[in-house]
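After this come two complexes, each holding chain A, first together with chain B and then together with chain C.
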Partner chain A sequence: MSIKTNKSVWRLLAFVAPAFALYAISLLIPTIGGMYYSFTDWNGLKRTYGFIGFANFVDALTDDPDFVRSLWFTMKYVLYMVVLQNVIALLLAAFIETRRKSKAFFRTLFFMPNMISTIISAFIWTFVFTQVLPQLAERTMLTFLDQSWIGDPRVSFYSILIVSLWNGVGYMMIIYLAAMQGVPKSLQEAATIDGAGPFQTFVRVTLPMIAHALTICFFLTLNGAFKVFEAVYGLTGGGPGRSTQVITMNIYEEAFSNNFLYGYASAKSIILFVIVLIFTFLQIRVMKKREVEA
Partner chain B sequence: MTLRRTASAAIVVFLALGAAVACFPIYMAVVNSFKTQGEMFESFVALPSKLHFENYAQAFEQVNLLRSTMNSVLLSLLGIGGILLCSSLAGYKLSRTKSRLSGFIFFLFISSMLVPFHSIMIPLTRMAKALQAQGSLFGLSLIYIGLGVNMAIFLYHGFVKSIPRELEESAHMDGCGELQTFFRIIFPLLMPITVTIAILDFLWIWNDFLLPLLMLTDMNQYTLILSTNTLFGEYNKEWSLILAALVLTALPVLIIFAFFQRFIMAGIAEGAVKG
Partner chain C sequence: MKTSWKTMLAGALAAVLLTGCGSNAAESGGASSGAASGETVAAKAVTLKMFVAIPRFKQQFDQYVEQFKAKMKAEKNIDLTVQMEMPTADTAPQILKTRLASNDAPDIFSLHAINEIPSFYKAGYLADLSGQPFTDKLLDSVKSSVSIDGKIVAVPLETLSWGYLYNKAIFAEHGLTPPATLSEMKTLTETLQAKGVTPFLLSYSESWIPQLVLPLAAGALINTENPDFIDRMNRDEGSFQELKAMFDIFDLINANGTDRALEVGGDDGAAAFAQGKAAMWLQGPWYADTILKSDPDFNFGVAALPVNNNPDATMINLSTSTSLAVSPDSKNKEIAIEFINYVLDDNDSNAFYESLKFNPLATVHTFDSFSWVNDATEYVKQGKSYQDPVIPQAVKDEVGKGLQSYYAGQMTQDDVLNALDRAWKNYNKVNQ
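So, the complex of A and B:
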C-alpha cells in the first residue's frame, strides 16, 4: 500500500513540477522576498542591509506626503472606475440586447478599443486631448472641450478616467452580454405580462439573474483599478509634479527611477497588496451574500 | 406603440453616439497619420488631401517594425506554448488526484492570483538580474509562463472534472502509459478551454508593457509596444510620425480581432464565468 501511495505522490509531483518550478521562481519566491525586504533598509547602493522592523511602513504612511496623496488619488480613481465602468458596461449590454440586426455590429464597435493595449490607448488619447480637442473647441461652439486635459491635475484625473473607461468598458460589456444571454426570455415576458415596464423588468428580473456576472465584473474592475499604471504613465507620467501619481507609479519611481530604495518600495508594495486584499475580500463577501439572497 | 418606438429610437441614438465616441480616437489616429504636419494643423477632422505614406515608411524604420513584431510574436508563442503545456499537465493531475498534498499545491497556485504584479516586481527584477535572465527574450518568456500558470491551472482544473475517468482507465487497460494517455486522449479533449486560455494569454502578453519595460535592456529585443514607447518619448511633437507608429502597433491585434472576434469574446466570457 505504502509503495503504491508513494508512487502516486511521485506521479503527481512529476506532472506538477514544470509549472511549479517556474511559478516558484516568478511568483512565489518574489512574493515572499518582497515581504521580507519590506522589513529591511535595503537599497541599491549599499552592499549590506539590516532588519528595521515596521519602520518602512510607518514612514510610508506618516512621513511621505507623496505616497499618501497617491493612495488617495488611487482610491478616488478606483471608486469612479468601479461605478462608471460597470454602469456603462451594463447600460451598453442592456441596450445592445434590445437590438436584433445591429447587435453584432455594436458589440464589435464597443469591444474594439479593448484590443488596443492601454499604453497605446493612452498615447492615442494624448493626441486627442492635446491637439484635436483644442482645435475642435476653437472652430466649433463646443468650448467646454478646450481644457487643460493633461496639464491641470484636476482635469487630468478625468482624462485618465476617460482613457481607462474607453479601454476597459468593452471587456465588462462582453461578460454582461454573455450573462444576459443566459436569462430565460420567458421570465422577462412573464414580468411584462404582469405589467412591469422595461426598466422594472431590468432591475427586478435581469439584474438578479446576472448577479454572478456583477460579482465578477466588480471584482475585475476593483482589482484592476488599484493596479492602474499604463493609463497614467502614457497620459501624464504622474505629473505635473507628482500630482496625478498613482500607487503603482510611486512604487515604480521609488524603486527604479530615482532612489533605488528597494526595502522602502517593497513596504509600499506590500501596503498595496494588503489594500487590494481587504477590498476584494469585502466586495466578494458582500456581493456573494446578495447573490444567494437574490 | 408610439412610446415603444420612441424608446427604441432613443436607444439607437444613444448607441450610435457611444459608438462614435468609441471610434473617434481610432479614426483620428488613422486619418491624421496620412497627413503632413502642416495639413494636420489646418484641420484634424478633415480627410487627407493626399495619402502620405512616407509617415509610415519613417515609422516602419524608427520602430524597427519587423524586428519588434518578430520579438512580440516569439515572446507570445513561447509564453503561451509554455503556459499551455505546463498547466494542462499540472491542472489535469491536480484535478484527478484527491489528496491533501494535491489540494495544498492547488491552493498555492490559485491564492497567488491575488498578488498584484507591482508587489513582486522589485524582487523579480533583482532576481532576473542575478540569474542573468534580464535582457533575454527567452528568460522573459519563462517569467510569463511562471506568472501565467496559476490562472491556466485553475481553468484546466475545473474543465478536467467534466471529462469522464473511464476514458483514461480504458486507455490504461490497453497498455497506454500515463504521459501517452494524457497527450493522446486527454489533451485533445481539453481543446475548448485551451483555446480560451491561449486567447486570454495572448492578449495579456502581447499588450503588456511594464514587465518588458523592466526586463528588456537591449533595443534589439524590444517588443512592439516597447519600441513605440521609446519613439513616443523621443519624437515628442512629431505627431504624423507618432500616429503612424501607433497605428502600426495597434494593427496586428485589430487584424487578429477581425478574424477571431467570436473566439475572443467567447474566451473572455468563458474565462470570467469560470473565475
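So, the complex of A and C:
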C-alpha cells in the first residue's frame, strides 16, 4: 500500500515538474534573489556590494516621504477599486442574468475591454480625456466634461479609476456570471413562492450561494489593485510631479531612473509584498468563513 | 511585454549567430584569398569591436566603416573586420557599463559627452587622445566638452546648441526680435498678448520638458555670477536657493502660455507649434524633424532665453551628446585611434556628418547647416554661449517632476528647491 502511494506521489510530482521548474526559474529564484539584495546596497553594476541589514527598510519607511506618499495613494486606490470593481461587476452580472435572448451579446460587450491590454487602453483613454471630452464639452454644453482629466491631480485619480474599472470589470463579471449560473433554480423558486421579491431573492439566496466567487474576486481585485502600474503609467506617468505615483512606479523609478539603487528598490518591493500578503491573508480568512455549500 | 522580450531575445540571438557567421565567412574568405594569391604579403587580420548607440544611423555608419576598411587595406595592408553593435539609447548605458565592468570593453564605444565622460574618466575607461591629428580640427567651442583634466578623451559626433524656439513668421509679422533681457521679454509677451497671440506654448506632460529650464537658468547664472555652483553642490556646500531666479522666467512663461499644459506632450507640442498656436516654445532644435513633418515649410529660429536683466547672461546652451571614445585596454588601440582620426578625416568626414544631419563641429566641415543652427552659431560667434552644466541625472529627473507640481500648484518654489537639494545630496551619498 505504502509503495503504491509513494509511486503515485512520484507520478504526480513528475507531472508538476515541468511547470514547477519554469515557475522556479522565472519567479521563485528571482524572488529569493530580490529578498537577498534588499539587504544590500547593490547598484546593479558594481561587482562588490555591502550587506547593510535592515537599513534599506528603515530608510524607506522613515526617510522617504515620496514612498510613504505613494503608499497612501495606492491604499486609496485599492479601497476604491475593490469596492467599485466588485459592486459594478455584480450589478452587471445580475443584469445580464435577467436577459433571455441578449445574454451572449451583453456578456461579450462588457467583457470586450478586458481583451485590450491595460497599457493600450490607457493610451486610448488618454486620447479620450485630452481630445474627445473637451471637444464634446464645447459642442454639447456639457461643461462638466471639460476637466483637466489627466493634468489636474484631483481629477486624475478618478480618470485612473475609470480606466482601471473599464478594463477590469468584465473579468470579474464573468466569474460572477458563472457562479450565478451554478445557483440552483429550485432555491430561487422556493424563495419566490415564499413571497420574496427579486431584491430579497438576490440578497438572501443568490449572494450567499456565490460567496466563493466573492472570495475569489475580492482576492483578485485586492491583489491586482496593489500592483497597479500600466494604467497610471499610460495616463499620467505618475504626474504631475509625483501626485499620482503608485508604489510600483516609485519602485521602478528608484531602480531604473534615478540613482540605480537596486538594493533599496528591492527592499521597497519586499515591503509591498508583505503588505499584499497580510491584506490578502486577512481577506481570505474572513471571507472563507462566510461561504456556504448548496 | 513578455512576448516583446521573447522577440527581442530571439532577435539578439539571431544577430549573434549571424555576426558569428559573418566574421567566420570573412576570415575564411580572407585566408583563402591570401593562399590563392600566394606571392603577395599575407594581410594582417584585425578585428575591431565597436559599440555605437545610435541605431537610427546604421546605414551611414556601415558605409563609413566600409570606407575605413578599404583605406586600411590600401594603406596598411590590414584585413579589418568590424563587429558593430548598435543598441538603442535606452539600453546602451546598461550594456556598456556591464561590458566595462566585466573586462569585455569594446575597442571603440559611444557615450554622452556631458553626462558620462566625467564618471567614465574617473573609472579609467577612457584612453587619452590628446595630440592626435583630429584634435587640431575641432572647433574651440566643442573641444572643451570632450576634454577633462586638460586631456581630450573622445571625438564628438552630435552637438546641440539650443535655447528656445520661436516662430519666425509671427515675429516678422509684428516686427519683433528675440529679446536680450527678462524685462524685454516681458514687454514682448505684453505686445503679443495685446495682438491676440499666445506668447508661449506649454507642453509639460512629460517631465523632461519643464526640466529644460534648469540647464538654461543654471548655465546662465553659473557662467555670469555663480561660477563654482556645481563644485559646491558636489561637496554638499551649495543650495538651489542660489538659483531661485530661475522662477522669474519660468513664471513669466507660465503666465503667458497655452492652456492644458500638463496634458500636452512633446509630439503634440511640436504639432501645435507648427500650426502657429504660440510664438515661442521652450524646446531644443532636436524637435526640428517632428515640427517639419507637421509643416515642411515652417520657419522657426533658435534664440537664447533671458533669465534676468543682465544681457550677458542671455546665452545659448552648447551641449555635446554622442561621442566616440577608445578603451585604454583595447588590444588594437592603434587601429581604433586610426578610426577615431578617420571620423574627422580631411576628405570623407564632411559628407559623413552631412549625411547624419549633425552640426558642423570641425574645420573640415564645410557643408551648409540648417537655418536654426546658423541662428545659434551667431550667438556662439559673439561669445554668448556656455557648456551645458554637469547636473546629475537624478537631479534633472527631480526638477522635471518638481516643476510639474509647481505648475499644478502643489509645490511652492521653496518646496521645489528643497527637493532638488535633497536629490543632489542623495546623489553625492550614492556616488562617493
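The rule is simple: the second predicted complex is superposed on the first by the 265 of 294 C-alpha atoms of A that agree within 3 Å, B and C clash if a C-alpha of one lies under 4 Å from a C-alpha of the other, contacts with A are read in each partner's own complex, and residues count from 1 in each chain.
One rule holds in what follows: a residue touches a chain if its C-beta (ideal position, glycine included) is under 8 Å from a C-beta of that chain, and two chains touch if they have at least 3 such contacts.
Source: prediction; values computed, not measured.
Residue contacts after overlaying the shared chain place A:M81 against neither chain B nor chain C. When the two structures are aligned on the shared chain, A:D152 is found in touch with chain C, with no touch to chain B. In the superposition on chain A, A:I270 makes contact with chain B only, while chain C stays out of contact range. Of the two partner chains placed by the overlay, neither chain B nor chain C lies in contact with A:L90. Between chain B and chain C, more residues of chain A are touched by B.
By the touch criterion defined above, A:S243 lies against chain C but remains apart from chain B after alignment on the C-alpha atoms of chain A.
Of the two partner chains, neither chain B nor chain C is touched by A:L222. In the superposed model, A:L161 makes contact with neither chain B nor chain C. Within the superposed three-chain model, A:L71 lies out of touch with both chain B and chain C [touch as defined at top].
Under the contact criterion defined above, no residue of chain A touches both chain B in one complex and chain C in the other. Across the interface of their complex, chain A is touched by residues 7-8, 11-12, 14-15, 18-19, 21-26, 28-29, 32, 40-41, 43-45, 82, 85-87, 89-90, 92-94, 97, 99, 101-102, 105, 108-109, 112, 114-127, 142-143, 145-147, 149-150, 153, 178, 203, 206-210, 214, 225, 228-229, 232, 239, 242-243, 246, 249-250, 253-254, 256-257, 261, 264-266, 268-269, 272-273, 275 of chain B. Residue ranges on chain C touching chain A, taken from their complex, read 94, 97-98, 101, 204-207, 260-264, 393-394, 397-398, 401-402, 404-408, 410-411, 423, 426-427, 430-431.
Against chain C, in their complex, chain A makes its touches with residues 43-47, 129-130, 134, 148-153, 237, 239-243, 253, 257-259, 261. Across the complex, chain B is touched by residues 8-9, 11-12, 15-16, 18-20, 22-31, 33-34, 37, 92, 95-96, 98-99, 102, 106-113, 115-121, 123-125, 127-128, 131-132, 135-136, 139, 166, 170-171, 174-175, 177-179, 198, 212-213, 216-217, 220, 223, 226-227, 229-230, 233, 247-248, 251-252, 255-256, 262, 265-266, 269-270, 272-273, 276-277, 280 of chain A.
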